[in-house]
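So, here come the structures, one by one.
Look at the two complexes coming up: chain A is in both, with chain B in one and chain C in the other.
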Partner chain A sequence: MTLTRRTFPGFAALFSMPFAWVLLLLVVPYGIMISVGFWTRQFPLFYPDFQFGNYAQIFSDPQYTTVILRTLKIAALVTLGALALGFPLAYFLVFTVRSAALRNLLYMSVVVPLWVSYLLRAYTWKIILGTDGALNSLLVSTGIVSAPLDIFLYNQTAMVITLVYIFVPFMVMPLFTVLDNIPRRLIEASEDLGVGPFMTFWKVIVPLSLGGVIAGSTMTFCLAFGDFVAPVLVGGPDGTMVANLLQTQFGAALNWPLGSALATLVLVIVLVLLQISSRLDTAGRVELT
Partner chain B sequence: MNEEKRGMSMKILKTALIAAMATASVLAQTATAMSAELNILTWEGYATEGFISKFEAASGCKVTAAYVGSNDDFAAKLAAGGGVYDIITPSLDTVPMMRLAGFVAPIDTAKVEGSADIYPEFSQNGDVVAEGSTWAVPLIWGSVSLIYRPDKFASKPDSIAVLFDPANKGKISMWDDKSALYWTARYLGYDNVFDLTDEQLEAVKAKLIEQKPLIRKYWASAGELTELMANQEVFVSNAWTGLTSKDVNNLKKGFEVVEFTPKEKAEGWMDSMMLVKDTPNEECAYKFMSFMQSPDGQCGIAESTGYFPVNPKAVAGCMDEQMKKDRQVDNVEFVKSLVMWQQPKRLDKYLEVWNAVKAAP
Partner chain C sequence: MTSTPIVALERVAKTYGVFTALHPTDLQVEEGEFVTLLGPSGCGKTTTLRLIGGFEAASAGRVRIEGEDVTERPPYRRPVNTVFQDYALFPHMSVAENIAYGLSVKSNNIPKVERQSRVSEALAMVGLDGLTHRRPGELSGGQRQRVAMARAIVRRPRVLLLDEPLSALDVKLREGMQVELKRLHRELGITFIMVTHDQTEALALSDRIVVMNAGRIAQIGSPSELYDNPATPYVADFIGATNLLDGQVIGRDGDEIALRIGGGTIIRSRRGTAIPANAKNVILGMRPERLLPSAPDVANTLVLTVKENLFHGDRLRLELTAEGIDRSIFTELPRTAVAAVSSVDPGSRLVFHIDPADVMVFAGEKNP
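Showing the complex of A and B:
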């Protein structure tokens, strides 16, 4: 339908706000970020330019690839951890808990930590995992170890634990939704045909829940990939992630052009991941007819 | 009853709304009343209630302070959004860069009461007075030394080597700052720490990367180091002399931390106040710089930090003899026993090396 003069004011009233939002807060900033990535730095200032020096630096200096690979590894571990915890939890909520009231209560208790400040929740892990922390007090008082261990905090394991805890609701929410939408008659039919519980799970429930697995994993992965708080709070000297690198380039190192080039690269990585995830989602879709 | 309840909650909601609007308008008013406020970007302990309230009462200027964790934060914060701060207090090694980057304005020393009594070693320093103008008003000085837990070491360490000793694996911390390069360079025996050659920088970088598995955590603020020490996460680190030991020992955790100067020397620094270019609060800024040279200002900041005053005349009447001795009053010669910070000749190269160390596995 073409716009006629009569519908234009209505169209403008409805869509001008979201359009302005997308333009001013997404398109323009991304444009600025991408173009600053080609600028030149002359310490301590930087000048508009068009050259690929910043990208050359990112790919030639091993420190950037090291950090990007480390970030991908941490994000992958966090996603696996969240899936390993989130799937059984969502399954339990949907199929095992019979009372709807109890199910809602349990579901809310998974989601409710999102209302508490992220910083506070991450900081809590410091108190749990520290040398003088809660976990060590427990281990020492029960006699499992004789002296507090310092292996829990300030390393990549602590970062993965903290991030799994923080992002697990983002995994549970889509999984809960897809599992809850699986028609019970399909499971009954499978059982009527003499298929055992494990094969029913594997052949019926898993394929039908793939959409939720992909949605939850994508969200968890992207959130973990961009995190910069866990490395600062519970990470050790080998915990620097790509977002910390960005922070440094825009902060202490005062190299906005390099920072912008790096941010553009991060954007590309995330877009590629989203593309893969949407392909997987389409490929794994099962028609419920 | 129900109706009444609803009425009550409506009333509470209304009150809350009015309170919120009132707060917003008060905030807006303070924002417009430019002449009566002062925003300082400074270090922890440099704007504590004790002496700042005296300044606010005397000048009528409301002080808002934000804090930095290292000298590299000043340029970053000013580049990101100038105009928010009126006074910054970088260390001497960062003063030239603030001027070269055009972040600060020259200072009219005639408007700073008491500035004539500052140690000339500081007030006439080649980076403080440059291009025929004065760019900074010295505020406080001190050293960066090592801090350790005597109960965890068989003998008292005397060298920077303690930070690189595999025996202390997992119990070492270091300041997350380019000065890690200065410490390592001294440990490696280089005496040109602010002008290292490429080969020397490579050696320093290799040594720091080799040290990484021994490090529990790089500390980013004095508060973080205090926490690491108090929670027994680390036993030895470099630290801002005076501040961390005072804070940790005040917590009375059942152990003590002690500072020491390694044989490779401790580092010396001097922080000074710089006037941010085009500040709308210039009058308050000058009042503040004058106040900080007064007995209340110099003794106030010396007490809250454990550092050394730059104005011996100001502290003459407000410090006892023991404290004067501890804080090196009238002993500016002490400077010569320290490696005084300077801006590295190739500052960006130093920052790059430090960032590469942090990114390394």
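Showing the complex of A and C:
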């Protein structure tokens, strides 16, 4: 106790900076956002207030609920797509690739795109999926279709494809880690006990990789849920997501109170998802001995 | 009765690139035997076990179990089960689920009721009733070891493979588990093949010991055969300790040969019959406990100087030197015998006698 008191100035000096950082850049902005959500708007000005009109508007106007549900749907599809691509890839890297050098090279090639600008990677899909894009050129030159198709770009499918491509590293990274941490002895033990490779996969590898599935899915879902670039670049008229709506409220629509209420709602949705994910993760966690 | 061996290795070899883990090896294990593969790390004992279990593919030769060629068969199609060194229990399953795991396979066709009774039977056999719902993470090392045993025997394998099963346990627990292993082997009546680097464990448990060195079998025999008649200086030193000294043959007289071991000391041995007649340089082996303090006028004696004495409770371990011999000679004196000698302080000179029947002689130029 005396020791604590004697070193208090040093302690305060050491931790005041990060504490101030959290306070100024996280707690205060969230506080402002949440309180502005209760203000009223009298165009073009906003007045401090405490009323639930903004929330009432969000839940009564089908425009907002449709967009929120669509965003949830797209984020869910992106998560499933990333899992469907990421799990086999991580499994292949960990269990099939024998050479450590080749494994690291392939793993790096999954992660390296993260160093490239996000915009650039999203834009690439515009070039691939467009009417005179790479995909159409391939289809026409191989004679599968006679004229270029315009069905690939500017729709929700294009958004899901683009977002899966962009966020798949966030799925592969935790999956690679959990699969790599499964002791090979457990797989040998399963086979020793008369269980073939297929059932060993379902009864040993899948249960022990659930932590990675949950972590990867949570990250992918949250990132996709908050995305606003893919709808603009490759999404069509029915591609608007929650983040685009938010942008509009703080920009063209000039309705900060409504925007703040919407942002608070998004925050609550993400927090609930994180809470569920952490519950699932704790329930499925096992001590690897 | 000429029975087929339960496990037979025929010229089985294993190479990893340029490294040879196991040179072409023949080994036959009879039904119901307790066989130990013994050797230092890297001698090929674990590789041999993994070749039998099916975890490694043989580079050459055939592996037979019950006479059937299983060389190409994966582990899940071999009638053997393994107790792994680190137990390899499934962390996401309870004790009962771990043990029932190998019974739940469709091809086994075991009704649920029988599965349950076999699990409880296996748990009782290893003395673990009452812990069925625990996870492996909640068990002590000894308990995990028992679960690993139960999981392996519940499938009633023809052969149980044990990979250093006791090495992760502390000394007290290990001694208790040795007794348990011996009891399990007797009660189950199946073949045990165990890998260990601990010669005490091998001597205490095995019907036969396979001593391995550098990817080859050095000698196969019962514990007493290996202890009393080691084939090479390596085996002599690995199974129990042996003082190995260079010597020259200076004469033969019937079944006795006379050997000079430096400094003019002549030792007679009655165990040199296997040494080629023209051999000159040989290696002598003397077990520490065969060197007995004696009067100076007895035949076959060594005059040795005490370099160090170490108190071991019931006995005294002496490090001794002799003129003309460049390495220390060790012996152990019971406490009761210490009173009979003048002094065991460093620097004291003592006379030791060894029976010519206890002096081992090996062909060979140089000490290993």
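Note that the second predicted complex is superposed on the first by the 285 of 289 C-alpha atoms of A that agree within 3 Å, B and C clash if a C-alpha of one lies under 4 Å from a C-alpha of the other, contacts with A are read in each partner's own complex, and residues count from 1 in each chain.
Simple rule for what comes next: a contact is a pair of C-beta atoms (placed from the backbone, for glycine too) under 8 Å apart; a residue touches a chain by one contact, two chains touch by 3 or more.
Note that the coordinates shown come from a computational prediction; the quantities given were computed from them, not determined experimentally.
S.K.: After the superposition on A, what does A:Gly194 contact: first (chain B), second (chain C), both or neither?
M.R.: The second partner, chain C, only.
S.K.: I'd like to know which partner A:Phe225 touches here: chain B for first, chain C for second, both or neither.
M.R.: Touch partners of A:Phe225: none, neither chain B nor chain C.
S.K.: Identify the partner contact of A:Leu245: answer first if only chain B is touched, second if only chain C is, both if each is, neither if none is.
M.R.: Once the two structures are laid over each other on A, A:Leu245 reaches chain B alone.
S.K.: Who does A:Arg185 touch here: chain B (first), chain C (second), both, or neither?
M.R.: A:Arg185: touches chain C, not chain B.
S.K.: Once the structures are superposed on A, label A:Tyr165 by its partner contacts, choosing first (chain B), second (chain C), both or neither.
M.R.: Touch partners of A:Tyr165: none, neither chain B nor chain C.
S.K.: I want to verify the contact counts: of chain B and chain C, which reaches more residues of chain A?
M.R.: Per-residue touch count on chain A favours B.
S.K.: Using the touch definition up top, name the residues of chain B that touch chain A in the complex.
M.R.: Interface residues on chain B, with respect to chain A: 70, 72-73, 75-76, 79-80, 97, 100-101, 170, 212-213, 215-218, 220, 231-233, 347-348, 351-352, 355-356, 358-361.
S.K.: Please name which positions on chain C make contact with chain A in the complex.
M.R.: The contact residues of chain C facing chain A are 53-55, 74-77, 80-82, 84, 86, 88-92, 101-102, 105, 107-108, 135-137, 144, 151-152, 155.
S.K.: Across the complex, what residues on chain A touch chain B?
M.R.: It is residues 41, 43-45, 61, 63-64, 66-67, 70, 130-133, 148, 150, 153-154, 232, 236-238, 240, 245, 248, 250-256 of chain A that touch chain B.
S.K.: Contact residues on chain A for chain C in the complex?
M.R.: 183, 185-186, 188-196, 199, 203-204, 207-208, 286-289
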